[in-house]
Amino acid sequence: MRIDFSPVLARLDYLLSGLSLTVMVSLAAIVLSFAIGVLVATSRISRYRTVRILAAGYIDLFRNTPFLVQLFFLYFGLPEIGIPTEPVTTGILALSLTAAAGNAEIVRSGIETVPRGVVEAGRSYGLSALQVYRYVILPIALRVAWRPLGNAFVNLVLTTSILSTITVNDLTGNANNISSETFKPFEVYLVVLVIYCAVTFTVSAVVNAVYALFFARMAERPVIRGQAA
Amino acid sequence: MHFADGEVTAILGPSGAGKSTLIRCINCLEAISGGDIVVNGKSVREKRAMLDIQKQTSMVFQHFNLYPHLTALQNITLAPIKVLRKNKADVEAQARGLLDMVGLASKGDRHPAELSGGEQQRVGICRALAMNPQHLLLDEVTSAIDPEMTAEVLRVIEELAGTGTTLILVTHEIEFARRIADKVAFMEGGKLVAHSDAETFFNHQSEERISRFVDKMKH
Amino acid sequence: MYEMYQNVDFTLADLDLLWRGLQWTLLVWSASMVLGIGLGFVLGLVAHARVPVLSQLVTVFVETFRNSPLLVQLFLVFYGLPLVTPFSPGPAEAAIFTVAINTAAFTVVNLVAALDALPRGQWQAAGAFGLSYGQTMRYIVLPQAIRTALPPTMNLAVSQLQTTSLVSIIGVADLTRVGTMLYTRTLKPFLIWPAIGLIYFILAKILSVLAARVERRLQTKNSWFQAAA
């Protein structure tokens, strides 16, 4: 059979409307998963043992089960306990919860790189534990975590495609519709593949720009002579 | 041992004598295991007094410990704004004044990584001074700096002596201590071995062991 | 008669179903890991050797498959290939092929990073002893690079286990597919999805333990290697 892109290109508008939903869902989930991730990372190093264990369990659970299973559980399971579900919001929720687990690990390893002395300096001038965390530890940790977080954001964008399985009309969902309408699956999915690449390259570019803007001036570690540790 | 207001006390002694631990206890950075330290009538053993004591005592660290994500100016203004709840514009004006005093007026917008060791430590001193502390604690502030840059840091400290701020400095710079200290405390093995006027300590030392140590440190 | 159609109870046959699902999951996973890591290894060498045109092609391949969703890749292979090529893979073949290609793309990145991390001096030293490119690669560079690339590649393999759940969407009767079958028959999402998730969780834990063991053996070997050198 001949390769023919024209039926796909004729429906480009429809495809791009799916893209706009993909972008919307991605942005929402990136923001939410970042917030939840920081929260879980903070809980992970809490002074309370129970909080630490709960956070560790959350991370372990979400990182070691398939996203598809998590999604089906939430989408089909929540109505069982009286919470009605709707594809887009459930999708954003599931994506945020799962990505937050990964983000939490990344942020936590960032926190571990914060030099003790800097934390001590904050405490020494009377900053409260919360203020030290908010103004000293987190900003330093986020610089270290930023690039890995960027990879996680790219991964999240790719994962949004799975929401099509619960009838979300995102880029992949609309591609499925076009595919069954035109019988041109190869052309449709090839175009979609390229669009996803464009989206993730954009995400990477934004991540790098943010890094250059906010974090670049902090060197890996201030150069200190004679520091043994 | 008593540290009088406005006095400069140098704490000397071999490594591991507990000098740094002592001033870290004064600053409530480390819990005290025995005995007591009273700052302006408040004991470091009392949890509630901690914030008050930390407001009155400011520490300058051996390894600077500047916040790497903030500019020199922001390093100085963070605690006054967040802890003393001062007006941001006022604190910034004060910080610029301090930077000017230590000869870094043009470098307020640099990050620590863009400054030399000596410059970083001078910012560290400004950061401590911006809290308007009654007591300034200096923990081996020149030992992590290249020798050619220690002079600029010592000059700043020398200017502070006699301004009414109590200085307590842990140091290995014997000559410097002799020049600016009013009192000298000598520590060894976690114990205070001698505490006297600087004049008596350096010129009329009765303990053979201490004068040997001082002689050795001179070279 | 009604019960025959509305069979909401679980039977022993369901356990058998789960067992077969588990086998499919493990088959797809192991086959695609072996093929994918093998292919990634070869392509990584090509990319590192900077062969004109070929290396650039590998880069394009790697970037495309890392930056697009596996689900779309699956659709492209399973629905698309039969219409434009003589190949019409069944669900399992398409699944193994696609997960393998996806894994290969990530493996290339790991290997190239490990190869690039080796000091230039090693090549120069080998050249000074008169070793050819192939000999240097075979006896000096690769043994070290593989040690570096293995831990991230094992992590990749462990996490790809979760990813294989997507093959259920093109009809492979893996664990997730069995979950869907049981769910549509019994309508007990609150029971079935956690159960399926638990099986994946246990599998992931077993694989992590195995990976950690391999890594530890590698490290002891490494220290022996360094002590001898």
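By written order: A, B and C. Residues from 1 in each chain.
Going forward, a contact is a pair of C-beta atoms (placed from the backbone, for glycine too) under 8 Å apart; a residue touches a chain by one contact, two chains touch by 3 or more.
Protein names from UniProt, one per chain: A, C = Amino acid ABC transporter permease.
Small disclaimer: the values here were computed from a predicted structure and weren't measured.
Across A-B and A-C, it is A-C that has more C-beta pairs touching.
Ranked by how close its C-alpha mean sits to the mean of all protein C-alpha atoms, the top chain is A.
Of all chains, the one whose CA centroid is most distant from that of chain A is B.
The geometric centre of chain B is 57 Å away from that of chain C, both derived from CA atoms. Averaging Cα coordinates per chain places chain A and chain B 45 Å apart.
Per-chain CA centroids place chain A at a distance of 21 Å from chain C.
Remark: chain A residues 115, 117-118, 120-127, 131, 135-136, 139-140, 143, 215, 217-219, 221-227 touch chain B in the complex.
If you check the complex, the residues on chain A that touch chain C are 1, 3, 61, 64-70, 72-73, 76-77, 80-81, 154, 158-162, 164-165, 172, 175-176, 179, 183-190, 192-193, 196-197, 200-201. For chain B in complex with chain A, the residues that touch the partner chain are 27, 29, 51, 54-55, 58-59, 61, 63-69, 78-79, 82-83, 111-114, 117, 120, 127-128, 131, 143-146.
Chain contact summary for the complex, chain C toward chain A: residues 63-64, 67-73, 75-76, 79-81, 83-84, 162-166, 168-169, 176, 179-180, 183, 189-190, 193-194, 196-197, 200-201, 204-205.
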